[in-house]
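Sharing a structure, written as structure tokens. Questions coming.
Every chain is named by a letter (A, B, C, D, E and F) in the order it is written, and numbering of its residues begins at 1.
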Amino acid sequence: MFELGVVYRNITRADRAATDELARFGASTVHEAQGRVGLLKPYMRPIWAGARISGTAVTVLMHPGDNWMLHVVAEQIRLGDIVVAALTSESTDGFFGDLLATSFRARGALGLVIDGGCRDVRDLTEMQFPVWSRAISSKGTIKATLGSVNIPVVCAGALVTPGDALVADDDGVVVVPAARVRQVADAAAAREANEGEKRARLAAGVLGLDMYKMREPLAAAGLKYID
Amino acid sequence: MFELGVVYRNITRADRAATDELARFGASTVHEAQGRVGLLKPYMRPIWAGARISGTAVTVLMHPGDNWMLHVVAEQIRLGDIVVAALTSESTDGFFGDLLATSFRARGALGLVIDGGCRDVRDLTEMQFPVWSRAISSKGTIKATLGSVNIPVVCAGALVTPGDALVADDDGVVVVPAARVRQVADAAAAREANEGEKRARLAAGVLGLDMYKMREPLAAAGLKYID
Amino acid sequence: MFELGVVYRNITRADRAATDELARFGASTVHEAQGRVGLLKPYMRPIWAGARISGTAVTVLMHPGDNWMLHVVAEQIRLGDIVVAALTSESTDGFFGDLLATSFRARGALGLVIDGGCRDVRDLTEMQFPVWSRAISSKGTIKATLGSVNIPVVCAGALVTPGDALVADDDGVVVVPAARVRQVADAAAAREANEGEKRARLAAGVLGLDMYKMREPLAAAGLKYID
Amino acid sequence: MFELGVVYRNITRADRAATDELARFGASTVHEAQGRVGLLKPYMRPIWAGARISGTAVTVLMHPGDNWMLHVVAEQIRLGDIVVAALTSESTDGFFGDLLATSFRARGALGLVIDGGCRDVRDLTEMQFPVWSRAISSKGTIKATLGSVNIPVVCAGALVTPGDALVADDDGVVVVPAARVRQVADAAAAREANEGEKRARLAAGVLGLDMYKMREPLAAAGLKYID
Amino acid sequence: MFELGVVYRNITRADRAATDELARFGASTVHEAQGRVGLLKPYMRPIWAGARISGTAVTVLMHPGDNWMLHVVAEQIRLGDIVVAALTSESTDGFFGDLLATSFRARGALGLVIDGGCRDVRDLTEMQFPVWSRAISSKGTIKATLGSVNIPVVCAGALVTPGDALVADDDGVVVVPAARVRQVADAAAAREANEGEKRARLAAGVLGLDMYKMREPLAAAGLKYID
Amino acid sequence: MFELGVVYRNITRADRAATDELARFGASTVHEAQGRVGLLKPYMRPIWAGARISGTAVTVLMHPGDNWMLHVVAEQIRLGDIVVAALTSESTDGFFGDLLATSFRARGALGLVIDGGCRDVRDLTEMQFPVWSRAISSKGTIKATLGSVNIPVVCAGALVTPGDALVADDDGVVVVPAARVRQVADAAAAREANEGEKRARLAAGVLGLDMYKMREPLAAAGLKYID
């Protein structure tokens, strides 16, 4: 957050196997499994529908209207990473397009999460390169000021430390601290295992009121039925 | 609006046949036929494109971040209903996902209109369960405080009384008071019948200026043409 | 901006051939080629994805909630035009739907750019009539007050003079002054020609840092790498 | 909400004495006393600080950009009323200024609550005529379309029925249904009576944790202290 | 709008006497006198209350987060000017503070209208230097990229040509084209002269319904009174 | 960010003397001295104008609509602290009022920075208890769910670690990491010392263009003057 002009080359990435599992569960289940923390603000939306990825964060902090550091971060990407781009103040300019996506993918990136704008949406959709952004904008950027790479950043209201795991889909983007990925993946798996039977019962017309035994606490809280 | 902790079990639903007809015309035509009132604010958007439904409202009022009452309202759903969920203050949290959708559908609900957030968008799209919401968010909710079911609510700026008819599509959501549904459906049918011929003439290059006889009132209002 | 109640019938349209070329490059490349000016604010979004058009502007200024002048502008449309609709104050009402689209297309319009709301989205999608708008809303409008046609307008923060060229796609909408269209089209072509080779090199793993020779200026600016 | 073009002349106003008492407690205490419902959305702000009023609602519904009905509602004002103005769709135009304020005050109005814009702020401040609005704007309005007077309206997300009591101050605007005013005023008085002693104890350094006996439920909920 | 890197030194300023008169009437009266056009969007707010100025526009276009051109525009200021600052894309950064205000005032500027952020609010209030801005922010800016001075700009949605007259107060900011200032000042004076008597009659309880003879057109439009 | 239900009692506060000095310089100078990082988003506004404080952060994380943890944090306050309240998702509810302010002040707090709503604005203004918040709202909150005290939080887009220094005034709120306070205070003092002479020269009509020797770099960048 507070260092400008530095690139950390060595970061400790979250456990790969556990990180990879997160995509299977999706953002909402992982968010729930983690105790309902770690969600980026819901203004972050995918530029095309249907993508679901999980990976490890390499981070970049930029100034509004200046994407110079995206070229710097490209070199730090390894296979399985997701680039997380934060800004020092709000901007909807188009920091990222198809040329950078080509480069990011060549370096092994799975996608981009950017608290700013994105462009070349049609090309990125054809490439099936997933981006979650706060805006879409043709407005390009300059290459004039330094930011930093692989420092902790705040992206869309969430703290992301380099190496953290991320899971992103149509519901949003969730960050999981590196140290907790295995535990969260297991908790997500447990939740998921539990849901199949529930779904079948609900589909058969059983009410959540009964399945979750809510009638008593609702009555205790004072709920009154009026005919 | 002002009673918390009550569930009204008996509500008078709008005429079924007239309510069913509304979907055929869509939100914009119905809104026009009703005199341009009854539209929910345009921040309410469908989570997937192409749905068009009409049904009778069962209503629920919840506190932000608490979806307990969605389980309570499920029991009050009858075939042909649309659940209308209002909040006591703004929240974008994800109150509703695929398990509740499974339950709502099993009870006969046609869709959900919620002045808050929704999640499990990919699953809901696959299920083709239509939702109109103000946001999409992975953030789950607690089950701790009472709201009410089947009281009049304000949802996205519109008053919805239990049993009112609703029509929702890609253009938005319109509420029609139960007592006016037949009249509005007929007015919508009349508008629609009228449009086919107009469309043909416009497609042939006839101007609205001439078809609607606007030249004279425009001149009277002072419109000047300058070559 | 300051004349109400006038229709200019004779406007000088941008060079047709150069205007037509813009669609091939898209909004982002054209915006870049023009020096990163002329973009409408990014709240302007296409109502359906995938359209890409370029054309000459016919402009209309309306009051909020009143679409009378859209019928007036229809008569001024020629083949290859894009209608640009501005408002005297903000409104999300649905000024435009499928009947007007039928008329506009019959007159030769390629699409609509409107700093207000649009409706009949499903029909417009089926017709493949492209619209960029700030909102979607069923709320219809009245026909009571005069605006103007073919005066300079500010639409979504950008000045559009009648006859200017526009290019619009999923990335947004860019206006190019009529006098600059040939020059901008050529600059866009040059950029595009240049990108194929770059893309191949980036796809092969070459870094932008090296391809654009950024390492030296970054070091000069003080960038430090930390292992 | 759904009738346009009507003026109800006879409305039943909330009990005057109880309504008058509400101003003594202010919006926050009344809102709490009523069970945390009835608050207009917090985008409603006073145009000058320090006013605190309570009164009975006369309501008016207008179309965006058209203030004709404000002249109609003026005639329906009685001493002790607050005018509540709602719109059929969003607008920030300046519907109200010092001339209308002069007229409203002469008829006995205590203030205005408007889900639109206001102007002549300097004059209104000098007059000490209180207004709560969503915006301030010089943009004037036309007088062309009918709305209604003294029908139930949704203003800033809250349902206001003619004759309801309102209390407004720097914290916001709260509506109290006419039938509940006495009960709410008494509950507010009880809350207020209770607060003096609490304030003294807190000022002396007693913690809410102890005063409200929160330590046990917090521990039961699982709160852990770490040295 | 479309030229970057140029400074026009010679501009034609609006008639000084007529421009000076505008401040006496204020933004709302001038806006009305001009036919309800020329208002900057209402998100533009004064950083301190009570100022009312009119002057001639010197304009500047900047990139987001870069205030270099404010130093360039300072040299072009003459006594009686108001600086109008526009951006190529949205930014709330603090482009302007007390040092620049000191410089602007020394050069003869009456105030600043900026479609971005401002800082040093306490100092500017003490200096009584009036600023209308879209935000207040401590975030400083860089000095790296060229914009332009004294080209036509779009500021908060309004076209401002160098030399135009502006009037700004607590109600907002209105631009009057240089060629129309005398005419608009006279129209404003006529409106104002007319208002004193109206105010007295309204204060005496006469209704606008009668004073403006609205009862007949309202009845013609179909307004119904219900007892 | 990721621990719920814990209270850290021992935190390391930033150097008191250096922290106290920050208030003298204000948010904008400190922000500049720190390299233009650490600013909370500009939607954070003081509830009354003119306050300027600096202090050490005690932090609290709450769920939307639930202020239980504000009572827990009160016990952890020491003289010279500023409470920094963050939420797990957005809410404008009124979490804080005059009773809590009485308690906070009795414990030694200098003010509150809250990424949610505040109420009892009139009382807080009379008490001269400063609050920076995103909203003002009468809507009270429940006491039902656990958050945490003195963990790192993201408040209005900025990371705040317990013990960090904060400076807040009419320009906004800036966080300075505990380890950097002395260095930042010295840098701010140096900036300030430098500004007096500059101000005098600018007041005398010297241009920033000359004082900062900008003419040459502007010309190098391509700026052209046109007469």
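One rule holds for everything that comes next: a contact is a pair of C-beta atoms (placed from the backbone, for glycine too) under 8 Å apart; a residue touches a chain by one contact, two chains touch by 3 or more.
Every value quoted in this text rests on a predicted model; they were computed, and no experiment measured them.
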item	value
Rotation in the CA alignment of chain A with chain B, degrees, nearest 5	120
Same or different contact residues where chain E meets its copy chain C, judged by the half mark	same
Gap in Å, rounded to a whole number, between the CA centres of chain E and chain A	42
Chain A and chain C: spacing of chain centres that average the CA atoms, whole Å	31
Centroid spacing, where centroids are CA-atom means, of chain A and chain D in whole angstrom	41
Sequence positions of chain B contacting 2 or more other chains	36, 39, 88-90, 92, 137, 139, 145
Chain pairs in mutual contact under the definition given at the outset	A-B, A-C, A-E, A-F, B-C, B-D, B-F, C-D, C-E, D-E, D-F, E-F
Contact footprint of chain D on chain B as seen in their complex	1-2, 4, 34-39, 41, 88-90, 152, 154, 157-159, 177, 180
Touch list for chain F against partner chain E, complex	26-28, 30-32, 36, 39, 42, 45, 49-50, 52, 169-172, 174, 195, 198-199, 202-209, 212, 214, 218, 221-227
Partner chain F, residues of chain E touching it in the complex	5-10, 68, 71-72, 74-75, 92, 94, 97-100, 102-103, 105-107, 117, 119-122, 125, 135-140, 143, 145-146
Chain E residues touching chain A - in the complex, by the definition given at the top	63-66, 88-93, 137, 139, 142, 144-145
